[in-house]
Amino acid sequence: MEPVRVTIWNEFIHERTDPKIASVYPHGIHHTIAQGIAEYGFQIRTATLEEQDHGLSEKVLNSTDVLIWWGHLAHDQVSEEVVTRIQRRVLQGMGLIVLHSGHRSKIFQRLMGTTCDLKWREDAKRELLWVVNPAHPITQGIGEYIDLKPEEMYGEFFDIPAPEELIFISWFEGGEVFRSGCTYTRGLGKIFYFRPGHEAYPTYYHKQVLRVIANSVRWVASAHGAAPTFGNSAPFVTF
Amino acid sequence: MEPVRVTIWNEFIHERTDPKIASVYPHGIHHTIAQGIAEYGFQIRTATLEEQDHGLSEKVLNSTDVLIWWGHLAHDQVSEEVVTRIQRRVLQGMGLIVLHSGHRSKIFQRLMGTTCDLKWREDAKRELLWVVNPAHPITQGIGEYIDLKPEEMYGEFFDIPAPEELIFISWFEGGEVFRSGCTYTRGLGKIFYFRPGHEAYPTYYHKQVLRVIANSVRWVASAHGAAPTFGNSAPFVTF
Amino acid sequence: MEPVRVTIWNEFIHERTDPKIASVYPHGIHHTIAQGIAEYGFQIRTATLEEQDHGLSEKVLNSTDVLIWWGHLAHDQVSEEVVTRIQRRVLQGMGLIVLHSGHRSKIFQRLMGTTCDLKWREDAKRELLWVVNPAHPITQGIGEYIDLKPEEMYGEFFDIPAPEELIFISWFEGGEVFRSGCTYTRGLGKIFYFRPGHEAYPTYYHKQVLRVIANSVRWVASAHGAAPTFGNSAPFVTF
Amino acid sequence: MEPVRVTIWNEFIHERTDPKIASVYPHGIHHTIAQGIAEYGFQIRTATLEEQDHGLSEKVLNSTDVLIWWGHLAHDQVSEEVVTRIQRRVLQGMGLIVLHSGHRSKIFQRLMGTTCDLKWREDAKRELLWVVNPAHPITQGIGEYIDLKPEEMYGEFFDIPAPEELIFISWFEGGEVFRSGCTYTRGLGKIFYFRPGHEAYPTYYHKQVLRVIANSVRWVASAHGAAPTFGNSAPFVTF
């Protein structure tokens, strides 16, 4: 079996402008994730905002099976053309994994049809992610929960369409809950939203978080059927 | 419009055998709920375990639009025949609301196909029920959350089929989360599971809890289509 | 109870430019639907493409509980601004009913995140719409199926997100099937897509088709909960 | 990776009592399916009604990853004890594939909570199974539809809970439609219902039908998470 071709996209701003963030992710969140899932045998590339086409040319996307997305400060700087290109590729079957503050990215809003807004608080307290769908391949090897501290809080109502499958629900020390692992299908493409990790905390070094990301790469990259045909059709059956 | 005909079923054991529980619900949980939703204009009856047929004869069920169920100690004492009768009526369109420890009732297990098991702890701490589907009629008038203290903890994994609609998620002080408001359809019947309230706490006097119960009575009693026909059929179309 | 305020939007081009269509809908599809559901007690207005703001000013939308949408030839002529305005109102709780060729409207694509494309054929043959969710209020009074002839064919794959509730499946004489009645939730808004009727056929005079439209008006207009709040939040619970 | 351990269960009555059926499946439907999916690399066993424990002892089930079920005449002869044993194994993570008339088997009814009844007609006409979820691994290699003739008709309403994922919809020459490929999750177990094939027709020699069965074996056998724990729990978080 061919290795899954993963492109990890990161805005890559915090890590170059804020020394506190740089101390956590000196080479960028994309780099840390790439190293963290290296052991799973994927073929990994990275791409960032400032590259031409944000590093997401037709050529790159056409050879990408799974796109991982992290963004926060600069959602508005992502060009509509690239967003449209990504959307088209998802509908054709490319998997998409949206992480944390990517919930407000243009591509996630475009695919959801909603604001994807939520409550938040940077209080560096505890998050517990409980598995609520232990039958799902994304939960393999995770146990009953993931225990993270410190993490930022994200709270409901999370303005998304009801997930097709709800995998994780987060508990936050300050009293909130959140639908933290959500799957969707759009066209031939599978999508996974995963809530952790804030740029200021070492979440993407956490073994279970990395395991969820690796599991979800496999899941969004899993086989699909034939590309459908559209338009004016001859009668299928004649009597 | 005819008033919705509601039958509130209660095991009615705790309230007669445990003075502590009797002090909270002196006439039984069924009685408190009946009074609590009286203002909503339903036509309300009650039924209990020790009555003949547990108070749920064919005649009673056939004139019931919505059955509310509270049980805990004596799930095994409910006769298979009555469970089968209730199941048949749900499939024919009777609404069913299962409260709290009713999660382990025979009728809920029968309709779900799973154990409906969960984690629990009687620690009398705080529960926050967050609305995660504010578009749903069951959430009308509730606000963004319900704040209960004291309540018993119920924790995931809750062994149910994924709800068709997830309405509430609970946060518990001890670290757990729970899918606390879940809808299902079986045949023509609509089902709502609602997690609160423990027999030792005055949960069924709480205005918002009662509002959810009243809203869900209306929702599970809402209109449905024609009873389907089954079996050997003549060709519908001939060429 | 206040009557539901319905705005029926129609592109209104075919009926003015094509004598064949004009003979079926002399005053426009919007007018026929308005008359056809008049008996259900809604407060009905209409709006068309060529009016200022396509007849959908802020003022009109803010006093609309349910928007019904029929379009075909001129999806591209609907302004982005009006589409954004409608989307915002849906997320705030306005119901939306999209009919037939409205599947390719900007507003439906915007809310779905997909192309909403499909197969089609104008062969004026028979369509049978089977009820596959008889528990749903939208099916009240419909029986087990709706029998239409002539109708245009729409065939799978229909490029939409999996419906939250699938209500009707169509059978077409030429061999195709179609998910013909689909519900969605976006924000506080409920959405119903209903497949019939082609502009050249008298579908919107059909009693059962009108009944489905009326039922769905009530359903998408049904109560919802409180508008959620978003953004930076104070801790809810402090220990 | 270990091969998936598949047990194909067949009632095995028609093939021994009816020469017409015997001429189609001389060694039984189970044997034909076993041969038909041999090329996919599974480790396959068969079991039949008349064996002790119907061939489904604890030992057999505990070493089964996926159980395939075909039954028709003798649903009532399957012992409650064995049904309970299968249900327990599904909840623990064993995959289950229910074929055709298995819709009325005790195990399927037990897991669904409904009658699983439907319309039917043995008219040996054409069935077209349209893919309505081309993103799903079960549709890999199938194309846009499967074309079967002759097949028995199954028609809606099919009294099942709404499938978690709807994969195929059938068109029948006589005018009916049917939800022919449906997935469910119960506990850790994944379930797939697949409508074809009638015992009198050579459906289980059809390459695409066998491909769907093989794809679904892989899908219901896919990884899952940890077995949940239930019962009285210590506080997870203390303040």
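Annotations for the structure displayed:
All chains are identified by letter, namely A, B, C and D, in their written order; residue positions are counted from 1 within each chain.
Everything below uses one rule, namely that a contact is a pair of C-beta atoms (placed from the backbone, for glycine too) under 8 Å apart; a residue touches a chain by one contact, two chains touch by 3 or more.
None of the values given here were measured: they were computed from a predicted structure.
Taking the mean Cα position of each chain as its centre, D sits at the greatest distance from subunit C.
Interface comparison, B-D versus C-D: the pair with the greater number of contacting C-beta pairs is B-D. The geometric centre of subunit B is 32 Å away from that of subunit D, both derived from CA atoms.
The distance from the centre of subunit C to the centre of subunit D, with each centre set as the mean of the Cα atoms, comes to 36 Å. Shown for subunit A are the residues that touch two or more other chains, namely 128, 131, 133-134, 144, 155-157, 162, 164-165, 173, 175-176, 185, 187, 228-229, 236-237, 239. Note for the complex: subunit D touches subunit B at residues 87, 91, 110-115, 117-121, 123, 153, 155-157, 159, 161-162, 164, 173-176, 184-187, 228-239. Subunit B contributes residues 128, 130-134, 144, 155-158, 162, 165-166, 169-172, 175-177, 179, 239 to its touches with subunit A in the complex.
Within the complex formed with subunit A, the residues of subunit D that make contact are 93, 126, 128, 131, 133-137, 139-144, 164-165, 173, 185, 187-190, 215, 222-229, 236-237.
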